[in-house]
Amino acid sequence: MFYREAGDFKTSYTDDNQTFPIKFDRYRYYVVLAIAFGVIPFLINDYWANAFLLPFLIYSIAAIGLNILTGYCGQVSLGTGGFMAVGAYACYKLMTSFPDVNIFFHVIAAGGVTAIVCTAFGLPSLRIKGFYLAVATLAAQFFLVWLFNKVSWFYNYSASGQINAPERFVFGVPVTGANTDAWATYLFCLVFLTISAIIARNLTRGMQGRKWMAIRDMDIAAEIIGVNPMRAKLSAFAVSGFFIGISGALFFAVYLGAVEVGEVFGIQKSFLVLFMIIIGGLGSIFGSFAGAAFLVLLPVVLKLIGVDFLGWPTDIVAHFNLVIVGALIIVFLIAEPHGIAQLWRVAKEKLRLWPFPH
Amino acid sequence: MLEQLYFAMEVFLNGLMAGVLYALVALGFVLIFKASGIFNYAQGVMALFSALTLVGIMDGQVPFSHIINATFGTDIHHFGWHVPALFAIFGTVIVMVLFAWIVQRYIFRHLVGQEPIILFMATIGLAYFLEGVGDLMWGSEIKKLDVGLPQGINDTIDQVTYEMFGYGFFIDNLDIVATVVAVLLVIGLVIFAQYSKEGRAMRAVADDHQAALSVGVSLNFIWIMVWSVAGFVALVAGIMWGTKSGVQFSLSLIALKALPVLMLGGFTSIPGAIVGGLIIGVGEKLFEFFMSSSALAGELFGFTISATENWFAYVLALIFLVFRPQGLFGEKIIERV
Amino acid sequence: MLDSAPSTEKLLEVNNIEVIYNHVILVLKGVSLHVPKGGIVALLGGNGAGKTTTLKAISGLLKSERGDITKGSVSYRGADLAGRDPADLVRSGVIQVMEGRHCFEHLTVEENLLTGAYTRKDGKGAIAADLEMVYDYFPRIKERRKSLAGYTSGGEQQMVAMGRALMSRPETVLLDEPSMGLAPQLVEQIFEIVKKINEEQGVTILLAEQNTNVALRYAHYGYILESGRVVMDGPAAELRENPDVKEFYLGMSDEGRKSFRDVRSYRRRKRWLS
Amino acid sequence: DLVFPSLSYRTGPYAAGGIPFADGYADYFTMLNARDGGIGGVEARVLECETGYNTEKGVECYESTKGEGALVYQPLSTGITYQLIPKATADGIAIHSMGYGRTSAANGKVFSNVFNYPANYWNGASGAINYLMSQGDISGKKVALVYHNSAYGKEPIRTLEELSAKHGYDLTLIPVDHPGQEQKSQWLQIRREKPDYVIMYGWGVMNQVAVQEAANIRFNMENFIGIWWSGSENDVLPAGEKANGYKALTFHGVGDDFPVFDDIKEHVVDAGNAAGAGDQIGTVLYNRGLYAAMLAAEAVKTAQEIHGVADINAAQMRDGMEALEITEDKMAALGLPGFGPSFKVSCENHGGPGLVGMTQWDAAAKEWTLISDFSPSDMDLIQPLIDEDSMAYAAENKIEPSC
Amino acid sequence: MLDNSESYVTEDGRTIGGVVMEMKNITLRFGGVVAIKDISFDIREGEIRAIIGPNGAGKSSMLNVISGFYVPQEGEVLFHGKPRPQLRPYEVAQQGIARTFQNIALFEGMTVLDNVMTGRLNKMSSGLLAQAIWRGKAEKEEIENREKAEKIIDFLEIQHIRKTPVSRLPYGLKKRVELARALVSEPSILLLDEPMAGMNVEEKEDMSRFILDVNDEFGTTIALIEHDMGVVMDLSDRVVVMDYGKKIGDGTPSDIRNNQAVIDAYLGVAHD
């Protein structure tokens, strides 16, 4: 009996409504938080920050955002890349127009701007459903990228059309620009991720989350029992846009430092984030983390094994990587179509019963 | 002024032709979607893969030669023969049927009954996989594909129109061939899907896997069949596009051009693919033409709008969809409680 | 109505099967039953007893729902069915009419019926004749033959589903709740049809039904399932007379049928197993 | 050992161009190791990292390789170069963006760690115009620029505009979005506007399609000039016969008629150590990769001389690059006589001499031939542009110009 | 004949109020199919009103018209005596009309509890921001409503499956959950579309008890479609009979039982 539930009684609905109703889970959650804030910053180095931790944190925010839209509200979106670009460019314009305001607020505001744009592109979802909507969101993807590439106002008329994050500080410590320390950027992103996750969790466990899920599971029935589909869908687009915008802003300002929109925020990015939530688990906040971690680590591991360990020529490794990534995705979907989160749930269910099944 | 009109007409005609080429890719999507509700993102990579295979067979390339050489220290590249195009096409079709079988046996059989988005993701996985295999098998350098299709400006049209209007229209020979092929394909496929027993079974499977199983339709058979046909359509698209730009990775990106076509025509409609293709082709070419050539646009926005082709098709399709959520010819979305 | 089984030859045999969904949910806990050739066997039981699961275990449709038979075996005409494809089974004459209709929404009513004949090889003429036969059974769907099945009413869809199965000229039909959602006279009608094909064409029938009353009137033999176990079986006539069956499945007390209004305040629960 | 990261791309839409360059870059170092036992006795190690020509992956590659003692980065993408400039400068590692990247990085006073010798995109633009002027009067003529709609393709616009003001030709801008598989409208526009000359800044499939479409509308190939990234065998082969006569700029020699290739064959190919499939030797992009490797190796030697250590570090490498001098004798001694111009890098000038030559495709022989000398570009016009742009960058990033 | 606003007391002592909802000359067409032809009937406050008829008669369509999901081509719906403007379905729900569906329409991906809680959505008002922060108003509201939901869950005896995802439930329990979801919204009118299809007698008895209790305890008006004549005759106060879009009968169960047109079209034999 690894996993105990019996004996963990709840006496009020407040207790039962908690994020982690089971004590064991709750403790684990505090431990993870403590390590993330209290231990990792002291161990971190440049390589781990850049190769794994920063992208993991930032993609997790994006994945949470997309998961709200797709996993909870059932609206498949392939426009994530474009929306992240909105966050990035909004952040850039704000950073350069109001250099005296703290970057923290720029990032939040970038999320706000993205929420608005995302909502606007969500309008067709009132009529268009399923894959038609998915493909329609590509319109946002391509149009936004084109726009940022075309209109020089967005990149402050720089000759190359790229945007570069100027140096900005939080409590006197640089978090953007070329002279940042790994621990500072890490903590900066971690704060955003923690807040995002808490907000997302609160929204999805309450009535708002239920409305979204109702729309996802059966939109007509949802409307007939009283969900206003327009408000439900658009609010999902807005909230999702908010998170995706934040992640786009962080991706540009903290992680990359400079961005060429077509490549960084192209359609590949949309697919990547979608993959994260599917492999992690649709409709699960934990799944967003798991999926992001998995897909950020995968190439690092593959490269370690292929090039550094087996010593294969890089081109064969590069091609094999495609084969392996492709195969892994398929194997994964076959083994557990509902993602790592579901795998985790089933494991827990088994552990609960262990060692006496049935 | 008249001049402008002729230009516009030329652009229009070329748009039609470009649309046909998009439609060729879209057709493969439609088939698979119709038969299984699978939104096959790998269709573009299938076009690439089939074209690579075709060239490989024609040139007598040794598959996986690079790995073989790397592991065994050999130095083999070619069998040293040249296969005539027709036989090579035949060989490629066999490969695509084999591919269909593998896809069915090892992937989709295990995913029966899953949600569409899961299936969609699986096809993206498949796309990666196939791209890697294609690279490993045939190498990623550019290959020239020549199955003897004519290419370049059609002189007859040029001359005839020159005599008629004083302006010779540009139509590419390859586009004319593509149009003929596409029309034949569409007619064939429509007859198949609408009137044959297998076609009916295919539509049944798309509606409800379980029920289809319960009446004795073999999902395996139907899906292998459909993926084979889609593989064939991919080959046709691969030949057309490969002849144009050489066979290489970017061929797989034409999938992105086919998506708006699908949206517009309806995911389930074979004729829709063609009509959608034509509308998109014409729409994007004309839009680009007016925007980049008119001074008006420049005055309006302070900059000229150009390179719109990546998004225009999507936006156009989106606008259509708002009025017809299932595309122009797509199956009605049945909404009942 | 015949109450004794018309033959003793066991056509379909289910031996002590266990079924698990999703690797964790154990649903059938050892179900055994026999269906004699030419018989009508009813599978009775409350919601969630496992009737549908049993039928799916036989027809092979379990797999597509992430269910697995983990123990026991199913055999048809003495041959083990493990690992057989559902399509294969249809070809050898076993067809299932699924619970909840499952029509092909985007096909017309007539096309739906024609898919039933998918496995048949006896020519267009015979199929057309059977199509007429089905329309004779269900005149209502003849009127709607050209409309998409997705737009027909619940009852009409049930008729389509039945008709579709008949189109395959089956030897054995697994019927899952054929009466659900049908108007009373249609229920009778459907069971008359069941009886007719059983008598005229010798079709063997395994029937999962909630409407115990009708089911036991038409079946020869019945099994009662509760929580994944067979708790009682016997010839239909005997079951009809069993006091527990009477009370819980037929809604009769000693004074005859009791009104649904009267159950409000008193209720007695008795279960063979729980 | 001496670490040379190679940010290559062997997959994705630009693989066809990435592979030969990466092969050439790797083979040259393999050859040095096998023949000379490394550079100055220290083994060279090429660290390949796949970027897929994607800026984001490029940054990942940079971050994951810089810890290994990387000496100089060859990002092989303008986009990635832009991203790496501030990072590499902060880390004190040099970037060699040879014939691409940020043109104004030629100003070493501002870009201390970035080098783009021997020629850059503005040299290329000017070289093309110079070549056209050598063919006849250009004033009043129409010139169209077909360009990859990215940081890369936009580079020459400013120069061409200035040049058009100076020489009186009309400039039409025709962008092509990534990937450029479909260029019907662009070429119909060209057919309509009948420019006298077309200059192309393309990469990847965009090149092949453009050459093919130009052939389709029967645009005279003689008047169609590509930048050096639009002038490899890949770009013209798919169009077959019809590509005959197409021209492309270059800043180095063509063909495998140089002694160094014998060494490559002997020490690399025959030893079974060729990078990739080993079938690219002598192609335009292979040669360019090889040339880049050669310049890096020479810079190492220079650095070893200056600092008197064999196993140099990144900072020393930078110094070596800044003091690099290539002479004809040196080239001949390396087995590359006349392959590239001689030049000298200095603290102020990281851009080299900016000499460009012209090559032309012979479809029958399937080879590129050099049809002009390496001649200077219009530095009078370019230098002020470089200064202006680099000073703006310096101001923006608060860089104190050095030297 | 009673006046629209008059109320009366039934034999078993329940008070039936005036007309709350009146369908006036409703006609509904789908392309060529006429699903409802010029039908009028009314529903009185506190009564159990059954709608019966053969398959395809248009019963479900009628409920859909009431729900605002189908828009009739002709006719109007009067609510509390006033013509109801064309409302979106969710607006109808906000007026206190709840329903269940013929082909169970639960939210399969959610737990039973969450499904039931959706029934309370019109009773909760905290905004997005409040919910994002959770502490305070949102939490308080959540708990209050949770209590109501738990009450209904107890009432319908589905406590043990509270946290089970709906997709795993057998048919009959799903129907019960659906009823719970409708009830928890404390509707003034409850529309039930074949709530007892696919149930055995014992389960039907349970279901009947629930329906009667709701009607009794909360005074909820109920419109009920059902094919089991036993149930219909026992439970309902008045029955309207439809046949292929037309109304062929309207009255108390005993009227209907003896109505020849109804017997011909629907019952087949005179029902006991």
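Each chain gets a letter, A, B, C, D and E, in the order it is written, and its residues are counted from 1.
What we mean here is this: a residue touches a chain if its C-beta (ideal position, glycine included) is under 8 Å from a C-beta of that chain, and two chains touch if they have at least 3 such contacts.
Please read all numbers here as calculations on a predicted model, not as lab measurements.
Trainee: Please give the intersection of the contact partners of chain A with those of chain D.
Mentor: Expected: B.
Trainee: More C-beta contacts across A-C or across B-D?
Mentor: Higher C-beta contact count between the two pairs: B-D.
Trainee: Return the chain whose centre of C-alpha atoms lies at maximal distance from the corresponding centre of chain E.
Mentor: Using the mean of the C-alpha atoms as each chain's centre, the farthest one from chain E is D.
Trainee: What chain lies farthest away from chain C once each centre is taken as the mean of the Cα atoms?
Mentor: D
Trainee: Please work out the Cα centroid separation of chain B and chain C, and write it as a whole number of Å.
Mentor: Computed value for the inter-centroid distance: 45 Å.
Trainee: Roughly how far is chain A from chain B, centre to centre by C-alpha average, rounded to an integer in Å?
Mentor: 32
Trainee: Just how far, in Å, is the C-alpha centre of chain E from the one of chain D?
Mentor: The answer is 75 Å.
Trainee: Suppose each chain is reduced to the average of its Cα coordinates; what separation in Å results between chain B and chain E?
Mentor: 50
Trainee: Out of chain A, which residues touch more than one other chain, so two or more?
Mentor: 146, 220-221, 224, 313, 315, 319, 321-322
Trainee: Which residues of chain B are in contact with two or more other chains?
Mentor: Only 66, 131-132, 135, 140, 306-307, 310, 336-337 qualify.
Trainee: Where in chain E do residues touch at least two different other chains?
Mentor: 69, 101-103, 105
Trainee: Each pair of chains that touch: what are they?
Mentor: Inter-chain contacts occur between A-B, A-C, A-D, A-E, B-C, B-D, B-E, C-E.
Trainee: Would you pull the chain C residues touching chain A in the complex into a rising list?
Mentor: By the definition above, chain C touches chain A via 22-24, 26.
Trainee: Under the stated contact criterion, what part of chain A meets chain C in this complex?
Mentor: Answer in residue numbers: 346, 349-350, 353, 358.
Trainee: Under the touch definition given earlier, write down the residues of chain E that touch chain C in their complex.
Mentor: Contact set of chain E toward chain C: 12, 30, 33, 53-57, 60, 102-103, 168-173, 194, 197-206, 208-209, 212-213, 227-231, 234-235, 266-269, 271-272.
Trainee: Residues of chain A touching chain E in their complex?
Mentor: 12-14, 17, 199, 202-203, 206-208, 210-211, 213-214, 216-218, 220-229, 235, 239, 283
Trainee: For the complex, give me every residue of chain C touching chain E.
Mentor: My answer: residues 21, 25, 44-49, 99-100, 140, 144, 147, 151-156, 158-159, 177, 180-188, 210-213, 248-251, 257, 259-261, 263-264, 267.
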